[in-house]
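Before anything else, here is the set of structures, which you'll find just below.
In the two complexes below, chain A is the common chain; its partner is chain B in one and chain C in the other.
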Partner chain A sequence: MGLTNQSCGRALISQKFNISFNKEDFIIALAGNPNVGKSTVFNGLTGLNQHTGNWPGKTVATARGSYTHKDKKFILVDLPGTYSLFANSAEEQIARDFICFGNPDATIIVADATCLERNLNLALQVMELTDKVILCLNLMDEADKKGISIDIKQLEKELGIPVIPTAARKKLGLRALMDATYDVASKIKKPTPRKISYGNAIESEIQKIIPYLEKKLNNKLDPRWVALRLLEGDTTLLDSINAFLYENNSPLAYKEVAYAHEC
Partner chain B sequence: MNHLYSSSHTIPLSDLPVGMQVQVLHLKATGLSRRRLLDLGLVPGTQIKILRKSPLGDPTAYEIRGASVALRKEEASNILVQPILNS
Partner chain C sequence: MNVNPVLNPSQPMTESEIKIGYDYPEHLKDEIVSAIYQEAQGIAQKVVSINKKKAKDWDAILDGILTSRITGYPIMFLLLGAVFWITISGANVPSSLLAAFFFKIEDYLTYLFTSLSAPEWLHGILVLGVYRTLAWVVSVMLPPMAIFFPCFTLLEDFGYLPRVAFNLDRLFKKAGAHGKQSLTMSMGFGCNAAGVIACRIIESPRERLIAMLTNSFVPCNGRFPTLLLIASIFMGGAVASQYRTLTASFVVSSLVLVGILITLIVSWGLSKTLLKGIPSSFTLELPPYRKPQIGKIIYRSIIDRTIFVLGRAVVIAAPAGLIIWLMANIHIGSQSLLAHGATLLQPLGHLIGLDGYILMAFILGLPANEIVLPILMMSYMAEGAMLELDSLQEIANLFIANGWTGLTALNVMLFSLLHFPCGTTLWTLRKESGSFRWAVFGALMPTCIAILVCFLTTQIYRLFI
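Moving on to the complex of A and B:
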């Protein structure tokens, strides 16, 4: 009953996202709101100098690069900038599907330190999806200029994940980001993201659906997260689950959304 | 929140002039549009400042949680707000 390539979701990465890699390599997803310097962080880490324009939707598909740190090769996947993972647009769906089904070894959320509150929405959504998260607090130089100071230790405590301040444009903090990513990807450090409680009414519905989902999802997706999306009536997720996990083989059907609504 | 919602101070965001500071009471939007507004951080209690209107009056720029966001009139009309007094 060992973990096969297939069951780890590794096969999915190469099939669905067209990324070739070595079994030993770490796959790292880079997520974040638009315009937080995600591509600058990407270029800083990989030494590449691509996609440096600034217009909305610049990173339409996923850009890829790699770097080596502590003798390990990291494949970095630059996801499109989104405010949310709830699939309001094609970009959001790409980002969500990669984090959900690509099963990366770690996900780096790049956030704008000058506008932290607004950026934490996406951070919390990613933290619901996966435990292997690092928050990269970029644009720290801008924040300094604006007189904003951030208590990094306290933020780490509140969120339960590593928080790394960077100023990617000046190449500051990137080494620390590589170290933190290495620790999470190689499971030296296990983040424990704070999970949001949605109140009794919703929590009790979640508990009703979870046992059913656990059977269907086979540990490939967080059942609590799927339960929340079903309660919300998100049908795009079902399409993705069918496409990625089942290939139309005993799929989760729309009737389950109806089921979730009836509960 | 219900007593606030029914108060006479409840106004659609789109009806207010530049410079005003308001607080969100209720979102009338549903579905994806509601999701989008929530993702921008518009929940009851959120403070909004009306920054400026474009030359034709639509869209309008708003300051929401430290970011400036442009909203169309049809979107802003679904956000019910209350002016913040003595701000």
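Moving on to the complex of A and C:
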């Protein structure tokens, strides 16, 4: 059977992530480090239209909410706050799996303007996974108080994605964020995220694996990104790939994977 | 590194594929991570500019003082001492008022029972057993908790607790444990069972077990009243009256330090023997300092903590009071059950500077540490004259009449600090570690340490005096 539309993308969102939606609704993921005001942004966008639940099979709580902008309904999924997508913890794995396999129409990364550098680490990692990214530069008011100013235009150019300054606690910039999300989700604007170059040694290894992965992944995942994770020795990703993309295919494979992990 | 080209692309990724990841050396991951970090640094440098003049960063200034290598620890100790000082000096008066109130009610109850000509044993069980234990638990525990918790929550709300974790991180690393352990310890100040559950935030199973097993070395609020009361009576009582509260707070703060020290030593010991391994690294976010929200603090500390803990203590104290009364009044031969138990434990008690009744009280207090002192007072009184303990001085007299010295007081405090955790904590330990054996270890190991420490203080004390 291989990869079909049924086994990944939007069908997965309802099956695997317990999110119900209409076909024409946009699914938006909200990612970010802890303590950057992600929940405030979430609340500011969705108001009272939200509910919380658990990720299936995990005890990590999640909030979902919705808002309507320009006659489109947006389903907002609040991912757990993480510093990276390296899958060191259940939270990181969930955030990665959702962006990776849930195939949201856009991903908003909420970043703390008072410590941009640290927040960019996560942003760069998300940008490797998907092109449809918006950076919400939150806590601009606090940055201002601390005398930190950020060249938004320059940052947009460097990252290749829309950057929206906000102060969610004061409800500033949220409308611009909705506009930008609308543009990206409805493909009016196509971000071209900057890709990191990892140096010759790693790049040549990537090139060796990519042809194989291209065949395997059948355009469902970015082969370069998967290659990088394999080079890192990240085995949780293979679990997730098998679980999300091949699940109905062959139960034997699942056993093999489990066996391989015991070794 | 060869990729098998004959693998069918429509088949799931399998073992051979996973090997792609396995064969690469660890440094590749480091290189990938550092490439990302460098990229982030490069971009940030290009777009961020900081206006130094405008930047009067109070957070950074405060952090500089509160987490400095030089001033960090003394400030921690002073703040802890200040909280205890406020608690002790504030709790005395309401405590005695409450006690007086409850004993007045006891008189009425006794009057009621006699006027109804109820049997003596019924009066004994219900009034002298259940009611009196409850009255003690409430009057001894409520005032200190109602003062201590808001103070502690205030520090928590202000954002000081993560700084404590930051300060202690270095020490825990050296002990082979996880830096987050200090956060689970500050949960332990509230309740050790909650502290054990909080250990879930530690990812590595090895370090989580260390944190869970050592959590009870932080005195929970069930033990604070015991420590505070004894410190005020004996350590405070030994100095001139104007220094009493100060001395008592100093003693209790020092005990907390002893607890932390033992935690570090035991963590180190465990990570070198039973739970070998290297400490894993983690990111600790220091949240900004916030203006504490007074309403929230009062709600959280009074409703969530004080009432909750008191409720638990009351629920356990009632049946415990009944059992103690029965044990003190059912005689086998010439002695009551309680006295038999105490006689049995007396040799060990004497060896470690305690007595049989104290050990009995700790054992009977297994369901909840809150009731250890009430049990003890009850058992002393059941054997001797009936007193109405409505002031600190009378409690002091009762203890002294039963042979307490400064050494006994010190050892009771040390034993309370270091002995086996309460039943709830042990049960939680079993559930969280998934193993009955770790729970047993979690009870035996602290008890052995408590006995050892008390034995040492006693022997040293007796050597000199």
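Side notes on the structure shown:
Convention: the second predicted complex is superposed on the first by the 230 of 263 C-alpha atoms of A that agree within 3 Å, B and C clash if a C-alpha of one lies under 4 Å from a C-alpha of the other, contacts with A are read in each partner's own complex, and residues count from 1 in each chain.
The working rule: a contact is a pair of C-beta atoms (placed from the backbone, for glycine too) under 8 Å apart; a residue touches a chain by one contact, two chains touch by 3 or more.
Please read all numbers here as calculations on a predicted model, not as lab measurements.
Residue contacts after overlaying the shared chain place A:242 against chain C, while chain B stays out of touching range.
By the touch criterion defined above, A:202 reaches chain C but does not reach chain B.
With both structures placed on the common chain, the touch criterion links A:172 to neither chain B nor chain C. In the superposition on chain A, contact is made by A:117 with both chain B and chain C. Annotation for chain A, partner touching more residues between chain B and chain C: C. Of the two partner chains placed by superposition, chain B and chain C are both touched by A:88. Shared interface residues of chain A (contacting chain B in one complex, chain C in the other): 83, 86, 88, 117-118, 121. Residues 1-3, 34-35, 83, 86, 88-89, 116-118, 120-121, 123-125, 142, 146-152, 154-155, 158-159, 194, 196-199, 201-202, 205, 208-209, 211-212, 215-216, 218, 228-235, 238, 241-242, 246, 249-250, 253-254, 256-257, 259-261 of chain A are the ones touching chain C in the complex. Residues 1, 3, 5, 7, 9-15, 17-18, 20-22, 24, 26, 28-29, 31-33, 35-37, 39-41, 43-44, 46-55, 57, 203, 283, 285, 287-288 of chain C are the ones touching chain A in the complex. Listed in rising order, the residues of chain B touching chain A in the complex are 32, 35-36, 39-41, 64-67. Chain A meets chain B in the complex at residues 83-84, 86, 88, 114-115, 117-118, 121.
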